[in-house]
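Provided herewith is a single structure, encoded as structure tokens, for subsequent inquiry.
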Amino acid sequence: MKKLFLIVFAFVTLGHLSAQTPEELINKVKAKLEKVNDYTAQGKLKTNVIFIKAPIASVRVYYKKPDRMKIVNEKGISFIPKGSVNINLAKFLSAAGNYEIVDAGKEATTGLRILKLLPTDENSDIVLSTLYIDEKTELIKKAKNTTRDNGTYELEMTYGKYSSYGLPDKVIFSFNTKDYKLPKGVTFDYDDGSQKKTRDDLKNKKGKVEITYSEYVINKGVDDSIFK
Amino acid sequence: MISLLKIEIFKIFKRPRTYIAFAVIALIIILIQVALKFGGEEYVGLMLSGMGDSFEKVPPENILNGYLVCFIILNLLLIHVPILVALVAGDAIAGEANMGTLRLLVSKPVSRAKLLFVKFTASVIYTLLLLIWVAILALFVSILVFGVNWLGVARELEFNVMEANDVMWRYALAFCFAAIGLICVASLAFMLSVFSDNSIGPIVATVCVIIVFTILTQMQIPFYDETIKPYLFTTHMLGWKGFFYVKAVDGVTVKGSIENLPAVLKSAAILVLYTLGFLGIAFWYFNKKNILS
Amino acid sequence: MSSIIEVRGLTKSFNEITAVDDLSFTVNKKEVYGFLGQNGAGKSTTIRMLLSLIRPSSGNIKIFGLDLLSHRKKILQRVGAIIEKPDLYKYLTAVENLRFFAAMSGLKFDRNQLLAKLEKVGLLERADSKVKTYSQGMRQRLGIAVALVNDPDLIILDEPMNGLDPQGIADVRQLINHLSKDLGKTVFISSHLLTEMEQVADSLLIIHKGRKIAEGNMQQLLNPEQTKIEVETNSAKDLEQKLQQTGWQNKIISANGRKITMQMKKEEIPVFVQQMSEMKVNIYSIHTKNSLEDYFLSLTAH
């Protein structure tokens, strides 16, 4: 028993000793992301929102350093949550303004390092960003952002082939949905007599948008006109 | 029987009012198409207004396509087409009485039941031709002008989207359903026609019934919703829309799905029952009616 | 079978009003049968019952020896009718109208056959004009063509002379004679025009307030005793005086101006004429006055 305690103690101490500082970690993450000047990616966009039933849409995602991002739906109808521009963390991290970093320790279940970022720029869209970073891979696995105008949303990233660029294979974007409110008498709905949800059922729900990326074309140049 | 039917159809198409009906439909549809071509964005905005601010703007050219335009047109023709159906069906017997020809018809060696059957069938054929005309203009011409894309249907409490290749079969079924609905209207007008000696009465009465019932169907006042709404045939005439309400798993549309097919089929059956009821009354009354005109 | 129409105990009530009350009569083959009555007497109702337009409240109708209720189709295939004025489809041409009503009788004619029928009623030139451009007389003629399109054995005419000018009335009269005498058809005709009926009908039925008040052969009905004559002379009064001494004075009804009205048996008329001639009375004309009218009025007076 005593032996076990000694081993655990040493391990924890050692682990703590080799921990990076928040600034170091952020910089490492930033460096990775900054390798990307631009990219074009194919994506499949899936919505899971209580008042939307939609097929999975094919989208193209364009990014150009430092902060331009556009998701385009060529054919079909897709719902891209507002503030999606902020799905790109590189933009945030490389923002002109600076931020305070607060070390919030580790997430117990996943072992991810939690860092809270508070932008010093009063005009920044994001008011608080909580990042869950994998220290080993230097990749942001989760982010919870509180925005000034568009509420709070969460991002969950899964990485694969393009992890060296910090580009995820899959992003799950969770947000609070506002009420779905269509004026009565506009739709002339067919009432099939079944028990219906009410408007209240639609309130204060979380919605999810999932983008699964394939084929990143990185640093091959993206025309400015796309972002107009 | 066939020769009598051919002649009755011939009679219908010899009247200017028949062609006016087709022209009116064409005019309304073209007006809607022109309006959407130049002001469609605003309408799309209205449709999407349910989502409020949560999402980025959807490119209007994706949403405003031939399939949506057809849907909008069918929505708006809710009242007009039944009126035009009533115009012919309501005239079927009352018009003959008014013209004075009914007494000659009934004194011919054709049974009263056969006479009614032929007249009603001619009205139904006219109704179906009118519907085919609507289909050609509302669906195919819209596709020509606006192209095809995914179809987005704004419902009161949700927004349903289906892929472009998941739409045509729904329209095929929707038009079949619409045919049943319009035949129901025709049978109502026809029944009223049997009771009257002039055609204005049955036509106006049918139109009034449809308007009043449609208002009751749409008003969403709980008292009516719980008591009479399920029994109004106008409630069930909207069943064609049911083919555009989809099922979803985790928010993703299930291709080829219909949210509540049993309900739509039930509505169709109710409409058929109403039709048979109206016709039954018409046949019963006409059989014993004294022709005094 | 020589009786074409056999009606027994025919009654029709509309709510509280009895329009036809226990009517019975027989129409024989090749007869022109006159159905007389005032307006509202029940003629139209009876005719509509014969044509199955109205269902009787009670009673029995047999046409061509067959019961109307159970053999309606078979019977009506051999019947042609004009009910009041002929109403046809104004937005169709004469040919189209004719083709339509022929089809309703189960008959199919080609265009030439239809034109031939229209020629018989003098409408060949306007065969392809819409009926709404037709005059009243032309519509009447088309109505006749329609009634005869199926070459019926029995023709029923309900007030066919209503609203017609003298020429039109004469045409109808001619038609009835042609149908009956030349073509051997049976004609059942209702009217309130007594003078016309007198000229065409072989038999009569008089209906009043829904009930039959007289029926029979024209000759039998019109009592020779009742023959009224109107004599035109120089001076009626003078003649009246002259007749005082003779047995004719009782037969005088009235004497005014140049006309003296008398009543006598039909056989007595030649005797009267001879005697007047012997008496050197100037007679300018003798007319038999509306004996049917008198008969009718006398029956319906009470």
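By written order: A, B and C. Residues from 1 in each chain.
The working rule: a contact is a pair of C-beta atoms (placed from the backbone, for glycine too) under 8 Å apart; a residue touches a chain by one contact, two chains touch by 3 or more.
This is a predicted model, so every value here is computed, not measured.
Because contacts link the chains only in sequence, without closing, their graph is best described as a line.
The most central chain, judged by C-alpha centres against the centre of all protein C-alpha atoms, is B.
No other pair of chains has as many C-beta pairs in contact as A-B.
Separating the centre of subunit B from that of subunit C, both taken as means of CA atoms, is a distance of 53 Å.
One simple way to say how far apart two chains are is to compare their mean CA positions; for subunit A and subunit B this gives 48 Å.
Taking the mean of the C-alpha atoms as each chain's centre, subunit A and subunit C sit 101 Å apart. Note for the complex: subunit B touches subunit A at residues 46-47, 49-56, 58-59, 62-63, 75, 78, 149-150, 152, 154-164, 166, 217-218, 220, 229-230, 235, 238-242, 245-248, 250-253, 255, 259-260, 263-264, 267. Put simply, subunit B touches subunit C in their complex at residues 3-4, 7, 10-11, 14-15, 99-101, 103-111, 288, 290-292.
Every residue of subunit A that touches subunit B in the complex is listed here, in rising order: 46-56, 71, 73, 75-82, 84, 175, 177-194, 196-199, 202, 207-208.
The residues of subunit C lying in touch with subunit B in their complex are 14, 48, 51-55, 72-77, 79, 81, 83, 85, 87-92, 96, 99-101, 103-106, 108, 146.
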